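One structure is given here, and the rest of the page talks about it.
Chain IDs A, B, C and D follow the sequence of writing; residue 1 opens each chain.
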Amino acid sequence: MIVFILAIILFSIGLYGILVKRNLIKMIIGLVIMEYAVNLMLALVGFRTGGIAPIITSEIPEAAKFVDPLPQAIVLTAIVIGLGTTALLVSFAVRIHEKYDTFDVRKIRKLRG
Amino acid sequence: MRGMTLIVKQITNLMVPSILLLGIYVVLHGHLTPGGGFAGGVLIAGCFTLLILAYGSERIKSEAKKMRASLTESIGIFLFWFITIIGLLNGTYFFYNIIAKTNPGEPFKLFSAGIIPLCNIAIGIEVGAALFSIFITLAILKVGERL
Amino acid sequence: MNLLPLFVVVPLGTAFITLIISKLWDRSADWLANIATIFLMGLAIYCLRFTGQTITYFAGGWEPVEGIPFGIAIVVDSLTIVMLLIVNIVGFGVNIYSINYMSHYTDKPKYYTLFLLMMAGLNGVLISGDLFNLFVFLEITAIASYALVAFGIGSEELEASFKYQILGGTASALILLGLALFYFMTGTLNLADASQIINQIGTNPALVFISILFLVGFGLKAALMPFHSWLPDAHPSAPAPISAMLSGVVIKVLGVYTLVRLFINVFGFNNVPFIPTIFIILGVLSMVVSAYLALGQNDYKRLLAYSSISQIGYVMFAFGLGTPLGFLGGIFHLLNHAASKSLLFLNSGAIVYATDNRDMTKMGGLSTKMPVTSYTSLVGSLSISGIPPLGGFWSKLVIIIAAVQAKHYILSGVAILISIVTLVYYLKSQRLAFWGTLNDIYKNIKEGPFGMSFICILLALLSIGMGLLLLPSLRSLLLDPAVDVLKNGIDYGKTVLGG
Amino acid sequence: MTTLIILTILMILGAVVALESKDVLSGIISLGIIGFALTINFVLLKAPDLAIVQIIIETLTLIILIAAVLKTTREETAEKYGIKKIVLGFIGLVFIVVFIYSSIKVFNHLPEFGEQSLRMAKIYIDQGLPLTGAGNLVAAVILDFRGYDTLGEATVLFTAVVGVMAVLRKVGRKRS
């Protein structure tokens, strides 16, 4: 159970970063940390004690105990979605820096507060 | 982005073909070994990214490259989309694994698992081109050049 | 039922091919996108013949084994059909409108591609019967709308969209965390199957925790009051067609529909007894506070954005009542608000198109120069404020009667009061923008092109005629079956899986 | 199990450094700690597919972030420790402590680590090979049983690329 709690702690650190940090890049980092924490959580959920990787070859009998492949499929999707979001955010941050010459939220009009 | 030193360039020259080969291997064997379209596609994108990092982005005609990457991406995902609707056109189900059902092939061989390898190839093309075009769009961006 | 996947397949395919073909011929994007949305609207109207039934379709032909569904289910029931109608009719109108409006912007093919991807995402969320599948399509919609909000790449758009993305990304992370625990608890992702399992487990702390995660996540997408801060920036900054789409459709599908589907049909109000109260609290809070904030706005589009939060508050309040009449009011108000609010945002677009200005204090007397925009926006405003016999009146009436029946006397009084406040700020906007004397700098403006006016008139007629849906014969066709879906509550699982 | 816990603690430390470092660039590099530790965690959790994807995606994310920072600025914004800031930070901390505390309670009502019961996944594991013919069960799930999700996933990436190219194009509005 302790690993689950650790994953939750990692998630809340990311959340804290988004809520408190005032630098656009730091906010992106916070979001990425949250995504990693969720991915870790999903991989933990899919693990089964004594299981092996869900890949059947001619040596491994079909009856062996495999870990759950479904959370792994979900994480695969989530990783790619996370990359897409991050790339989009970074391109926005670069554009905003071009307009205001700063990453500071407080100096950017709309993002204040 | 400027290029790097001769040492980096030489090592890149040595590495790139093998990374590319690994990427293609991972895509083609996605249904048998760990990996698949995503992993392989990302590897292929990484190999092109390595080339740009080593040689710098000034040397290439970047705009044309960007267009080509984005076109490749569109074609890759269009192929994937087309594979998924074969079932609909055929009157069975959306995303029906039509090949595996009619001509299953022998398990653990390259030509098995029906549409899965085909999907892997299409996704490999799409993901590789997509990540490369994200990278190149950011790399060739000159801050402040906008009107 | 091979028609159902077409809701997703057609816009996706068109989006992919648009980007390829438009490299050869620039104008082709206009044609392709509009043909696709017209097709989608036809398909949604065709689906009207399935109201009252529940159709389940398994992608890939993976039918359940031993009663356990393991493929991705596509589920269409009456509630879905109502939402599909909203999405595809508004989407059709907005897309026709975009042909002229978006000629101000560069790179139109990319706009159409993103727009079609957004449509595909919205339809995908609606027809999905699988939690993770729903999440994926929700992300497609969200990412497409982030990019569309900033399509003009001005500084205001970029800032608004960045804020939208950070909060949207947080919402997605919370939803995905909830999904992980949901899968851990139930062992399935299929909503129908999960609802049966949850019903066996009953109330337990894990379920409460998961519902709070989902509530915050989807509440952020719906812009309910404590989580609303992105909306008043993002919706006004976007190009007008996209504002219409975001306010009229996206927050309803990503926020309200998902919340209602999850908490009423999957979790069941019995298993999470605190949820109806929270719906009512959040609804009333959004209703009151944003109506108050809207009063002080001089920016026309910002006023409309606050009004959207307020009206979504009405809807959540109605669903929180938990009575069949409340469900009817909620669904009906969703329909009315979609028609009127997208109309008003398109009107604001027509004003921006002609005057390049959003500040109402600098307008005035526009009704002489832009009669179509003026009269249609009057219709839209009165419909949202709840003036008989327009559609909005009937839905608010139903909500208030439902509140009285549920013995929430004070809250029904609040709802009436806020309705009056709504009328006040809309009349203020009418007076400032359309009535009075014409400002000299706008002497040479004229009404927008025919395509834009045509869509505004169409949506105005829709807002006027929406009240007819309450007539018994039409009601049994569309609204009653949708209410029945919600009334069945947790029996959703049995209905979908058949047994 | 012990390795898993140690690596996860390392990830938490990396996260703290990434958020609190004074230099944004070193913050991004600390983000690498989290990503690569996550890769090893995936290997420990028997997910080789994820490890392959994660290690390269992590590298690419870092390259993208570093490229952005080098093009702009690497200075952390100056923090003012006013009363408002302290109150905000305090509220955030309280919120997070409540969140973690309640999650501890919740995990008592969920299955133990590694002891989860299979429902949907039972069919994937038992019949994945005969039904699809793919030895890699993850590939069988993402491209056959749940291929529709993967279509959505590829579309998300496509959307993101179109979005990036739309946002970074040179001119947004036509001059009249």
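Everything that follows uses one rule, which is that contacts are C-beta pairs under 8 Å (C-beta built on N, C-alpha and C of every residue); 3 or more make two chains touch, one makes a residue touch a chain.
Keep in mind that what you see is a predicted model, and the values were worked out from it rather than measured.
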item: Contact-richer chain pair (by C-beta pairs counted) among A-D and B-C; value: A-D
item: Centroid distance [mean C-alpha coordinates] between subunit D and subunit A, Å; value: 2
item: Where subunit B and subunit C are represented by their mean Cα positions, the distance between them in whole Å; value: 36
item: Length of the line joining the C-alpha centres of subunit C and subunit D, rounded to whole Å; value: 29
item: Whole-Å separation of chain centres (CA-atom averages), subunit B against subunit D; value: 21
item: Numbers and ranges of subunit A residues touching at least 2 other chains; value: 14-15, 45, 53, 55, 57, 70, 76-77, 80-81, 83-85, 87-88, 90-95, 97
item: Shared interface positions of subunit C, touching two or more other chains; value: 12, 16, 19, 59-60, 132, 136, 139, 143, 146-147, 150, 153, 158, 181, 184, 189
item: Interface hub residues of subunit B, defined as touching at least two other chains; value: 32-34, 38, 70, 74, 77, 81, 84, 94-95, 97, 108, 127, 131, 134, 137-138, 141, 143, 146
item: Chain contact topology (line, ring, star, complete or other); value: complete
item: For the subunit B and subunit D complex, residues of the former touching the latter; value: 1, 26, 30-39, 42-43, 45-46, 49, 53, 66, 70, 73-74, 77, 80-81, 84, 94-95, 97, 100, 104-105, 107-108, 112-116, 119-120, 123, 126-127, 130-131, 133-135, 137-139, 141, 143, 145-147
item: Interfacial residue positions of subunit D with respect to subunit A in the complex; value: 4-5, 8-9, 11-12, 15-16, 18-19, 24, 27-28, 31, 34-35, 38, 41-42, 45-50, 53-54, 57, 60-61, 64-65, 68-69, 71-73, 76-79, 88-89, 92-93, 96, 99-100, 103-104, 107-108, 112-116, 118, 120-121, 124-125, 128-129, 135-138, 140-142, 146, 149-150, 152-153, 156-157, 159-161, 163-164, 167-168
item: Subunit C - residues contacting subunit A, complex; value: 132, 136, 139, 143, 146-147, 150, 153, 155-156, 158-163, 165-166, 169-170, 172-173, 176-177, 179-181, 183-184, 189, 229, 233
item: Sites on subunit A touched by subunit C in the complex; value: 11, 14-15, 18, 24, 27, 31, 34-35, 37-38, 41-42, 45, 70-71, 74, 77-78, 81, 84-85, 88-89, 92-93, 95-96, 99-100, 108-111, 113
item: Complex contacts: residues of subunit A adjacent to subunit B; value: 53, 55, 57-58, 76, 80, 83, 87, 90-91, 94, 97-98
